[in-house]
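Residue numbering begins at 1 within each chain, and the chains themselves are lettered A, B, C and D in the order written.
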Amino acid sequence: MTRENWNRWGADDERGALNHIGAEAVKLAAALVTRGQVVSLAQNLSPRTPVPPHRAGMQHFMGRSGGDYAAGAKRPGGFQFAEDTLLMPAHTGTHIDALCHVWYDDQLYNGFPGAGTRGSSGAARCGIEKMGPIVARGVLLDVAASHGGPLPDGTAIGVADLVKASREAGSEPAKGDVVLIRTGWAERQNGTILFDAEPGLDLDAALWLAEREVAVVGADNFAIEVMPFANGKVFPVHQRLIRDFGIPLLEGLVLRPLAETGRYTFMFAAHPLPVVGGTGSPISPVAIL
Amino acid sequence: MTRENWNRWGADDERGALNHIGAEAVKLAAALVTRGQVVSLAQNLSPRTPVPPHRAGMQHFMGRSGGDYAAGAKRPGGFQFAEDTLLMPAHTGTHIDALCHVWYDDQLYNGFPGAGTRGSSGAARCGIEKMGPIVARGVLLDVAASHGGPLPDGTAIGVADLVKASREAGSEPAKGDVVLIRTGWAERQNGTILFDAEPGLDLDAALWLAEREVAVVGADNFAIEVMPFANGKVFPVHQRLIRDFGIPLLEGLVLRPLAETGRYTFMFAAHPLPVVGGTGSPISPVAIL
Amino acid sequence: MTRENWNRWGADDERGALNHIGAEAVKLAAALVTRGQVVSLAQNLSPRTPVPPHRAGMQHFMGRSGGDYAAGAKRPGGFQFAEDTLLMPAHTGTHIDALCHVWYDDQLYNGFPGAGTRGSSGAARCGIEKMGPIVARGVLLDVAASHGGPLPDGTAIGVADLVKASREAGSEPAKGDVVLIRTGWAERQNGTILFDAEPGLDLDAALWLAEREVAVVGADNFAIEVMPFANGKVFPVHQRLIRDFGIPLLEGLVLRPLAETGRYTFMFAAHPLPVVGGTGSPISPVAIL
Amino acid sequence: MTRENWNRWGADDERGALNHIGAEAVKLAAALVTRGQVVSLAQNLSPRTPVPPHRAGMQHFMGRSGGDYAAGAKRPGGFQFAEDTLLMPAHTGTHIDALCHVWYDDQLYNGFPGAGTRGSSGAARCGIEKMGPIVARGVLLDVAASHGGPLPDGTAIGVADLVKASREAGSEPAKGDVVLIRTGWAERQNGTILFDAEPGLDLDAALWLAEREVAVVGADNFAIEVMPFANGKVFPVHQRLIRDFGIPLLEGLVLRPLAETGRYTFMFAAHPLPVVGGTGSPISPVAIL
């Protein structure tokens, strides 16, 4: 049971499960807009945005600022400006994984060679620029709420938990949905985030979503899946969802403000930065209610 | 006639003309979705993305790639991955200007001190993280089409041009709209972009839009406004729209695919990366038809 | 008692105490070469090189590597290559402070305005590119050895300690010398460096060196001076030596291999990267015995 | 005729021709110091430092500057400071190539596998941190002077040219020397540097130096060797000197001030930044006369 979605959308397909979202799905998503409320699902980005130990934090360099004028810089025609440069790992803060981000057996989603992803040129196949905008129905599965609060570190979320949260949401994940799972992970931390001990999906729960043909799986933790991993596996959910099902993962979401609206289905809109050959992108998704 | 919108939304307001977009506007925007078609308005980002001479181009560093595995890197539990780091000026490719980006007389929009924008800490006020998501009606003014093709470099777009394009669009810019102006600038260049000679808005045209209380002004050129500047001014449209009216500018859009749909009004959705104290952000806007 | 060396070498001087090194001093330094042994005084640089909490660590990006060829990259004419990009705070690892690095009362060394050091253009005065090469007699003051081992964190080194170490070295610091002080700080740490609790010079000891007209003061700790600071001062040694005496500080040295040679005076040679307007530079000094 | 120096200094050697420099050579170099004059051979580094088209220029970010204080930043205990971050390709400005920089047939100098140089971890073998300091006799071969001025772009320097310049220098390159070749390339350019048309060594001239067992070959151009390459080869001098002879190349030198001293032999001292696994390093060499 591997490679479930390979060749499903042709041998050249690089968008995977995003193909589940058709024009009808977009129209249905727009029809969910009843309040005219827009909720951001993105973390603020700064050098203080938490990153796991193997990644460097974001850096923010101001090339020109008001300080320059205070110190005497010229202002031709009265014009004053400030500008800046950003350095960040693509997988920082709220971000989405491209289908070239994770694989095994030297093959990416749809059988593209892993060796086509090179240091000198990025990913020849399944780069983030191939993903395109994501506009679909969003479904919030508030596992934290159904557990009565943020899940403890290392809690595995199983199929039963998703079924329960779906029932509470009044809506089961369906084909083409963007499913967002609230664990409460980042909310319960008091300044200290443990990246190696997160509540998250177990492999069965992830496959349950994949079988429902969802387009994207997102969560408010860093890895979507539970950490530490079970049974000596290494990122088993990443391996199966991204590489076999072609499902992009949306990580580091801020979900509490959305949860507080009381709405579980909504119009979801996001668009990664189309970095040519990129393995992911910081992203600023919105829920439109 | 300056500071038109200062204090309009309170002394602490940092969102400016985005306040024109209310819940009704969001609902009306969603109601424009009739086809279920999603069009990206963003340029691809790579070291080849054109930047003006005073800015450095984007850099894309792959920290881990398929080449590492080809060269013998370990794959614990079969897991293979690629990841990357991005370096880019915030005002690269398709991007949006924060209200702290441009000012004069040492005061930002709403009277905040320019000196509050420091090299060591970014913008204390009107940083890009204050902007929030933008979901509104989009209106395409296809000045290129109404001129019979891309405008020559340095062509000033006046009020009459906007009125004509509005008539052809069948829709005049109104309160809370995101107005997108197609000049054809980047389309007509053959590999060579001249950043100092662009077709763009003259000051009167910009003020005409501001008076209609639009929320955002965007274009497919780099500066929104015509370059070279008229009468020895320096970025007069930036000075007036951003600082006096609080209108963010959305630059470097890709508008030809949208123009080819034949639709002039649509649901517009975008959300800058919320970089704390940032002067702008790369952005990936979408038009939903 | 401030500004001791201002105007000593003219109103335009930007090299400060380095002016103490004349041609005779260089010749005497060369005459110290008796063994033909060259000892590096520099730390290795990598993302693991310790930095204080307010600075980001070095990053090392490989743009092209052997992995690309393993993954199939072309090799025109057989040619294969690897290359990389470095990102680092100028004050990382073994580095030297430019005279524009620290000041007070808005004036740099020699009275240049602090406001001339701008975010948009670096330091107009006393940038690291003004320093030039440093070739002089080096004198090792092995305070760690004279204390019988690495000094505990937070130990203040006073004048008596320097006098004692000078006596053991058989050589007192003199005009134009590069004085290197071994505290043992980095050597005694087991993987954990505390940047806010270092053994180092107290202010009197620093002034004692300045009065001897040394050209450079270096040490194997990060701040030269003791931390925490005494009496609510903030970097008092930096303020006085750099700004008033024009003495560059050479920080993060590796001094144990030099100490093990048994030589206390030697030819010292180093040259900062001449970054225009830079506040410091990583540097790789050598002792030639 | 390949791999000339492989195994010459043992199967584990990563320093190549630098092993030609023994203690006697260092002492002889120091004995050349007769004037006490120190001459920098390094270019200034700034975003304007020329780089070939496939590399990005240096970037210099000021994190804290005098502008911050002008704009109101606090100064605890009176303390004011400026600091900065550098981003640069390792092969920028005046720099030295590590022995892992260039190879062919998948093998580096001394037979180490090219695949050991990975994007994720740098060079396992022959990284720049293995090189150590370089202190030796320097010999200037002023080919520009012997030609009566800077060589035209694309001029091949042959063995006869080196022999002639050696005669004029009064000193032939010998074992362990650092040989510096002045072509005048960068001096004759008026603001425009052509990186693909440089005067430089032909392969025979390079091999002539290698056979004399020099330790390092340097020049004031970017590639040491003539460009365009002869006979469809690609960097033939790099391939042979670095990979087969283990000779590091020192590029982008500033040699005119040295030439103007009238001295052709001198003490040479330089030390690359010891970047772990780095393929090269910016460097600031000095000639001590």
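Following the convention adopted for this analysis, contacts are C-beta pairs under 8 Å (C-beta built on N, C-alpha and C of every residue); 3 or more make two chains touch, one makes a residue touch a chain.
Remember, it's a predicted structure, so these values are computed and weren't measured experimentally.
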Chain pair with the higher count of C-beta pairs in contact (A-C, C-D): C-D
Fitted rotation between chain B and its twin chain C in degrees, CA, nearest 5: 180
Geometric centre distance via CA averages, chain C-chain A, whole Å: 45
Distance from the mean Cα position of chain D to that of chain C, given in whole angstrom: 24
Overlap residues in chain B, where contacts from two or more other chains coincide: 56, 59, 62-63, 65-73, 85, 87, 115-120
Contact graph of the chains (line, ring, star, complete, other): complete
Complex interface listing, chain A residues touching chain D: 59, 61-63, 65-73, 85, 119
Residues on chain D engaged by chain C in the complex (per definition of touch): 22-27, 30-31, 33-40, 42-46, 56, 60, 62-63, 65-70, 75-91, 100-106, 113-120, 122-123, 129, 132-133, 135, 229, 232-236, 238-239, 267, 269-280, 282, 284-286, 288
